[in-house]
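Chain IDs A, B, C, D and E follow the sequence of writing; residue 1 opens each chain.
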Amino acid sequence: MLSYIFYILSGLTILTAIMMIAARNPVHSVLYLIITFFLISGQYLLMNAQFLFVVNIIVYAGAIMVLFLFVLMLLNLNKETEPQKSMKTKLAGVISGGLLLVNLLGALVKSNSSTESLPITDVGLVKNLGMVLFTDFVVPFEISSILFLAAMVGAVLVGKRHKGEMEAISE
Amino acid sequence: MPPIDHYIWLSSILFSIGVIGVLIRRNGIVLLMCVELMLNAVNLLFTAFATNFQDSAGQVFVFFIMVVAAAEVAVGLAILVMIYRNTKSVDISLLDKLKQ
Amino acid sequence: MVLIIIPFIASLLALFFKDKLAKVLALTASVVQLITNFVLLSGFDLKANAFQYFSSYTWFNSLGLNFTSGIDGIAMVMLLLTNLASVLIILSSWDNNYASMTKFLSLVLLMQGALNGVFLSMNGLMFYIFWELALLPIYFIVGIWGGENRIKITFKFFIYTFLGSLLMLLALIFVYLHTPGDHSFEWDQMIIAQMTGWESTLVLWAFFIAFAIKMPIFPFHTWQADTYSVAPAQGTMLLSGIMLKMGIFGMIRWMYPMAKNACGCNYNIFIILAVIGIIYAAIIAIKQNDIKRVIAWSSVSHVGLIAAGIMTWNKEGLQGGILQSFNHGINVIGLFFIAEIIERRLKTRELTQMGGLAKYSRGFSFLFMVIMLGSVAVPFTNGFTGEFLLLNATFNYHVILGVVSGLTIIFCAVYMLRVYQLAMFGPEKDNGIRIGKLSWSEFVTLGLIVVLVLAIGIFPNWILNISETSVDGLLNIMKGGKTL
Amino acid sequence: MKTLVLLFISGIFSLFGGIFGLKKILPLFATVALATALGYLFYDSNYGLENLQNMLIFDNYSTTFIAIAIGSTLLITLMSAKGYSYNPESIGDIIGLMFFVLCGVVCMVSFNNMVMLFLGIEIVSIPLYVMVGSNRNNLRSNEAALKYFIMGAFATGFLLFGMALIYGATRSFDLDVIRSFSATALQTSPTYVSIGLLFITVAFAFKIAAAPFHYWSPDVYQGSPTLVTAFMATVVKTAGLGAFLKFIIYLSPMLGSDWYLIIAIMSAATMLFANIVAVMQDDFKRMMAYSSISHVGYVLMALLTVNKETQSIVAFYLIAYSLATIGIFACVLLLNPDHNKGNGFAMFNGLGKRSPIIAVILTICLLSLSGIPPLPGFFAKFSIFKQAISDHLWLVLVAICSSAISIYYYFRAITAMFFNKPDETIIAQPTDKNIAGYVVISITFVALLLIGVFPQIIGL
Amino acid sequence: MGSYIAIALFSPLLGFTISGLFGRFLPKNVTGIIASLSVFVSFVCSIMLFNHLHNGGDAVKLETFNWIAAGNISIDFSFLADKLSVWMMMIITGVGFLIHIYSMGYMHHDEGFYKFFAYLNLFIFSMLTLVLGANYVIMFFGWEGVGLCSYLLIGFWYANKEYGYAARKAFIMNRIGDLGLLLGIFMLFNVFGTTDYQTVFSSAGTANSATIELICILLFVGAVGKSAQIPLFTWLPDAMAGPTPVSALIHAATMVTAGIYLVARSSVFFVSSELASTIVLVVGLVTAVVAATIGLKQNDIKKVLAYSTVSQLGYMFVALGVGAYSTALFHVTTHAFFKALLFLGSGSVIHAMSGEQDIRFMGGLSKKLKITHFTFLLGTLAIAGVPPLAGFFSKDEILAKAFYGNGILVFILLAVTSVITAVYMFRLYFLTFHGEFRGTEEQKHHLHESPSTMTIPLIILAILSCVGGGLGLSSLFSHHHFADTFLSSVLTNANIPHPSHLFEIVVLVVSVVLLAIIILMTRSYYTKKQNVPTSADEETGFGRILSKKYYFDEIYKTLIQKPIEWLSNFAHDFIDRKFIDGIVNISGRGVTVCGNYLRRVQTGNVEFYLLAMVVGVIAFLIIYQLV
């Protein structure tokens, strides 16, 4: 039963992912990606990774994607006619990606894979994850604060307007 | 529940789609989105392994990936905005001033 | 040790002086150096088959790099040449007024130090370091004070020789890895490295190419004529007088003992290349119009003979090669200085622009004549002594090779006499420029060279005795290897 | 750990300093802070191991690399007094970011867990994206930032995929566990591990700019402000190589011959490609980018043989390389402080006459990079050759050829300095007295000569 | 006695040093006298040595020091005065001294006076080294030394380009021969381990004959170069560019006979080498004939004499070839007398004619130059072989030896050559001294007899040419052949039967008759009928070939000189520049071209970078799966 849900979800995920990269309008891409993320969240739920399910929806589908959408709108890029790459480049891209996939799958399938289905566990519950995060992984957790601080400062540094720029734009 | 292999397949496919997206799109923002898709594929894989091993560490890692992704997106979008302000475009194909 | 340090210090000091003082300082330093060398020679036991004045200091242990120095007879001859030639070269620059003369002299002294280091080294890595170090000053000397087209030519020269050096480095490391026990770069350890014939052959070729480029042996010579002709006179003298001997020395000291297990058949190839070079360069020299180019090609030819001689692996050849290295150094410095003297006055090196120079400078024409004859290897001059031994060795090695390389004495006469004739003889040119009197530095330099040319021509044993015991020792080492 | 904290606090202080108008003294402060950190590091290292929950392990190894990174940063900061003229407002932010990068470096070279590796890489990368683009008005800087960012993010994807696969095979992120797991893991799921390793290698290769993942590097080096270029070329390379080497040392039981083959190919390709392309560059900074790529190729050679000496060889190489590179960039900065004159080779024309001190020091640095004895660059290269020659003769031959090629472009600058006449139109003249800059180049000069003549003083 | 050798050697060397270094500060006469005296001292020494040997003394050896020692090679700088050396010494110093005296007059107006004497002294020194050297290497010292002096003296008037070329040609052709000699010496080292005459000759029997043949041939190559035999003879006529005393001393009396000396010195080897001896014979014969015929059509007074020299040297080689070594040396001696005389005479003529050398513009000089005329006539008669002058005896002896030693053909050819010699000599004589004066008026006024410094040597040499035959009177006249007896102990002559008296008489009569006819014919042709030879370009038929010297120079030019020059240019411009350097440059350029190509890979386009990255990953994946 759960397997069927998995396959349906998988099919939809792949489909929306493809739609995402194929859509001409960036806004459509964003929307497809949001759907993809929701579907992936479904996968998390399926694996009983509740914490991740929630975080994924909040952080990714919610915060990050909204940010994307916001920037797109801000920059007025929601046009239908985004300049497209030439067919040749696209083909090269698709072929490369396809080859990557084939190679990857080829390599991974060779392994003596188990056909056992995934166990149902409750490691993904918030309580369990919290335990691990604040005991074993407290060092990286703390250190990621540096990352955030740096990202914040960086975003401000790059993003804020300043005098010279104003002049450049007014010209 | 499907076996772990299928999860690997799924995330490989998603990863590859992300890669293809990076390769065929010109819009910087969309490119960033494709990278996010790749990261999500990885997240999925981690979660699947974590579930398979009944080990929370994998899921914690996913958490960190999300953290990093958020930070990255913040910086990335800031850079894109900066570029846009200077060139009125986020088309990466136009960025070829640095070459010899 | 002292031999290396004096020029380095002097080189540094020279930077802080004004031109005139720097000249005095440089000359003093080089003379002191020469005297030191003679002092060493006087304390040198000619009969002992050992490295004397041996000293060893740890330098960079983990790499096997030690500051190990020692002098045997062969090195002693080379050191004498280096220090003698340095005096001559610095003296010859007395009348030059290059821009930033101090730097120039400083580089020359630096070069002298490095060259001494090359000849003193008993550690493979140290040898390589000094070898490379010697390359730098000359690069700058040629590049900064050189003539037309210098940039391209120095580039080529540098890259060419550098590639050769890297091959040598490779060979040194390779030998190092085969030294017994805890690997070592010390010479005495390296010569007993255990290698199969095939490995030895590899090492041999790597060394050969490195040294062949330096000397240069056909067909690795193409950097040479250009570099010689574009370099300032003192640069050319350094290059041809001393630097080239590094290759010869390298062959004798490093290449042979290290690669003694290599098949002797390789030497046939080397000798054939050397002999081709003799004739090839000589033929080319016949039609050159630039006086420095003629000398450059003659140098290729002569060095080919030296190489052929020392690669025959008999005592006559080795002794002849060492002797002739010394002689060639002296002669070629003289010749290039003569070219420089002519150029100073005539502002040209084209033979077609010269003529009738003999008329106004008898002293000069006499000195030129003797040095030229030394190069042509007329008996009573030093050139003959070396060529006699070398040709004999080559002839004994293989009759045809001997005959072919013997042609050099004909060709050499052809092109050297052509130079002399076109420059000194014939009607005067109408340009009103005369050689006139030589300045004292020019006269002393050439005079010293002429004295040496004649002295060694008559008493070659003086030098042969220095290196004899060491050559015997070397031949003994070689006997340990496969038959050649 | 204390170093990490010290760096982090210094970073935050810099941020506040920037806000509260202490911009003038910030470089000085940074210098002092770094010096303290460095001093403390040496002082602290005597106390031996420090293990943070198996996440970070500070030992001799990490101390060495952290010291190199902090030392390099110290020199870069020292010369930076005039270096931020392109964006004087954000000086606090930039210096703060630099400290954060150093934090990342600390994580990278002392990681004992893949989470830390990942976080370290990201902490290094994300501020760098910003630093590269910190010259906001300069389109080149912008472009460099975007390129670096996109490719960096892309590479992160591969890194994570690789980590996921490793995790899938070994069930752990802890390197000790992974290592002990290797034997059985290799039997059950060999391809997970090898593909995973491959992907992580690719990510590392991207970070250290090894062919064929080096493409970003020339563009980014060229476009970045000179200070940042110097920073990337030294500190970030040190971090990347340090982490990579640690990774290899830890996982060497898992690494099959195929993996080494790939590294060898990568090394050869890097050396050849970088050196050959560098020959044709007209922009000096771009050339330096290729030069630094080529040096990565040499270091990769050292990584092929993991034994007790590898660490010191790589460290020595990095010291030699960093010193020379910083010296060169310091000279460039002295010559062209405003970034407005272009960085063509023409700026060196006749430098030997105009400013002999800079010319001589620059020459020494270039000579060291090209591996001319007796400068540290030679000993560094030499020890790598010595190590690699017995197993990978062909690679050493390639290295030798590429070394010879490298002479061409290093000496092009030397030639321009000493042999060419000054070009009247594009004279780059050290305009004002930048004492700090001269101090830096003097330090590099003295250090290079000292290490060259007495290589043992480094004590590796 | 060794000190005599030292003095004999040292004295000209001292003379050279004095006149070379201080000559320009000394008055000309002083320089000349010092130089001449130094040779005279040597001459006295050689007389002492001669006396010593003649009285049955042993060969004198002077050991000085070890010149070079390396491995198997050890060469002493030592000298040996045996009978052969002393014989040569006498000629060298004797004739040399006379020529020094003569030069004082001849060169009096030349600004390079002191230099000239320095060179002459150096030459004497080298020549003495050559003949006195106790081993082949020391001989080689002298051998090259005389070549060098010859070069210096031919190019003495260096301002003239042609003279310079002539000098160079001489040196280089000599060097070709020297190479042969040098190789021969190496062979000797190889076989005997030494080149000391005494050791080598005493162990000559131990070597195998093929080796000896080869050594002989190589030595002979050296002799060919020095003694101007075919094919290396063309330098000698050109060498007439030097001042006339030089031609007399070097290119007639002494240096060119070094080749004879060398072969004679190695007679031990040559006697046992059939092939080598035959080669010597043939080369000598051909040279004798060819040079004589060329002499018929030359118009330059010195060139005629030069070809005559070549021809006479050919004669000597014939003698050597048949194994009559002492006969050859006998001819060397007489030839030295009369050829020196002729050259000096011609010098006197040239002196009088203010440098004119073309006999077409002379004539009738007998009236003004009495002494010169008379002595020259004697010389001509001597060389033509008029009995009882010196030339007759030596030539007659060669003819006889050839007849008995080698048969009729050689004899006939030699006889014909002898006739031709007489023809061109008398042609020269009559054109120069008889008939009408054909030069310019100015020259006519200027004609005068030379100073006594020049005429006295002429007279002395004339006397010697007359009585020189006494050194080797044929058996018809005397039973005591001085040269033969004196030299036979050092030369290994082949066993050739003594000529019968009948043969001698026939030769004597025939030659007298023939010579008389020749004299009359040439006299009537050139003096009575006033025929003047045309210039070379106007000649036709065989005459043209002769006056163009069988086109030897042209052949050498096309066959050797041009190809080498072409090769030189080709090697430099093509092989070196294009090919070898081309390869070097291509590998250099290859890098830049690759660089240029690869540089384009770096497009600056980030899409491409991304693609390349993925391709890299794929490539590694594939490698992974393949390995």
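Here is the rule we use: a contact is a pair of C-beta atoms (placed from the backbone, for glycine too) under 8 Å apart; a residue touches a chain by one contact, two chains touch by 3 or more.
This one's a predicted model, so the numbers in the text were calculated from it and none came from an experiment.
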| item | value |
| --- | --- |
| Third chains touching both chain C and chain A | D, E |
| Chain D reached from chain C - shortest hop count over touching chains | 1 |
| Selected pair, greater C-beta contact count between A-B and B-E | A-B |
| Chain occupying the most central position, where position means C-alpha average | C |
| Rounded Å distance between chain C and chain E, as computed from the means of their C-alpha atoms | 37 |
| CA centroid of chain D to CA centroid of chain E, Å | 78 |
| Interchain centroid distance [CA atoms averaged], chain B/chain D, Å | 26 |
| Centre-to-centre distance between chain E and chain A (centres being mean Cα positions), rounded to whole Å | 102 |
| Residues of chain B touching at least two other chains | 4, 8, 15, 18-19, 22-23, 26, 32, 52, 55, 57, 60, 64, 68, 71-72, 75, 78-80, 82, 86, 92-93, 95, 97-100 |
| Residue list for chain C, restricted to those that touch at least two other chains | 159 |
| Multi-partner residues of chain A (at least 2 other chains) | 85, 89, 92-93, 96-97, 100, 104, 107-108, 136-137, 140, 144, 147, 150-151, 154-156, 158, 165, 168 |
| Pairwise chain contacts, counting only pairs that touch as defined | A-B, A-D, A-E, B-D, B-E, C-D, C-E, D-E |
| Residue ranges of chain A touching chain B (in the complex, touch as defined) | 2-3, 6-7, 10, 13-14, 17-18, 20-21, 26, 29-30, 33, 36-37, 40, 43-44, 46-49, 51-52, 55-56, 59-60, 63-64, 67-68, 71-72, 74-75, 77, 82-85, 89-90, 92-94, 96-98, 100-101, 104-105, 108-109, 113-121, 123-124, 128-129, 131-133, 136-137, 140, 144, 147-148, 150-152, 154-156, 158-159, 161, 165, 168-169 |
| Contacting residues of chain C [partner chain E, same complex] | 156, 159-160, 219, 221-223, 280, 283-288, 314-316, 319-320, 323, 356, 358-359, 362, 366, 373, 378-380, 384-385, 388-389, 391-392, 395-396, 402-403, 406-407, 409-410, 413-414, 417-418, 421, 424-428, 458-461, 464, 468 |
| Touching residues on chain D, where the partner in the complex is chain B | 114-115, 118-119, 122, 126, 129-130, 133, 136-137, 139-140, 142-147, 149-150, 153-154, 156-157, 160-161, 163-165, 167-168, 171-173, 218-220, 222-223, 280-283, 286 |
| Of chain B, residues touching chain A in the complex | 1-10, 12-27, 29-30, 32-34, 36-37, 40, 43-44, 47-48, 50-52, 54-57, 59-60, 62-64, 66-75, 77-82, 84-86, 90-91, 93 |
| Touch list for chain D against partner chain A, complex | 8, 11-12, 15, 52-53, 55-56, 89-90, 93-94, 96-97, 100-101, 103-104, 107, 113, 115-116, 119, 122-123, 126-127, 129-130, 133-134, 136-137, 145, 165, 188-192, 194-195 |
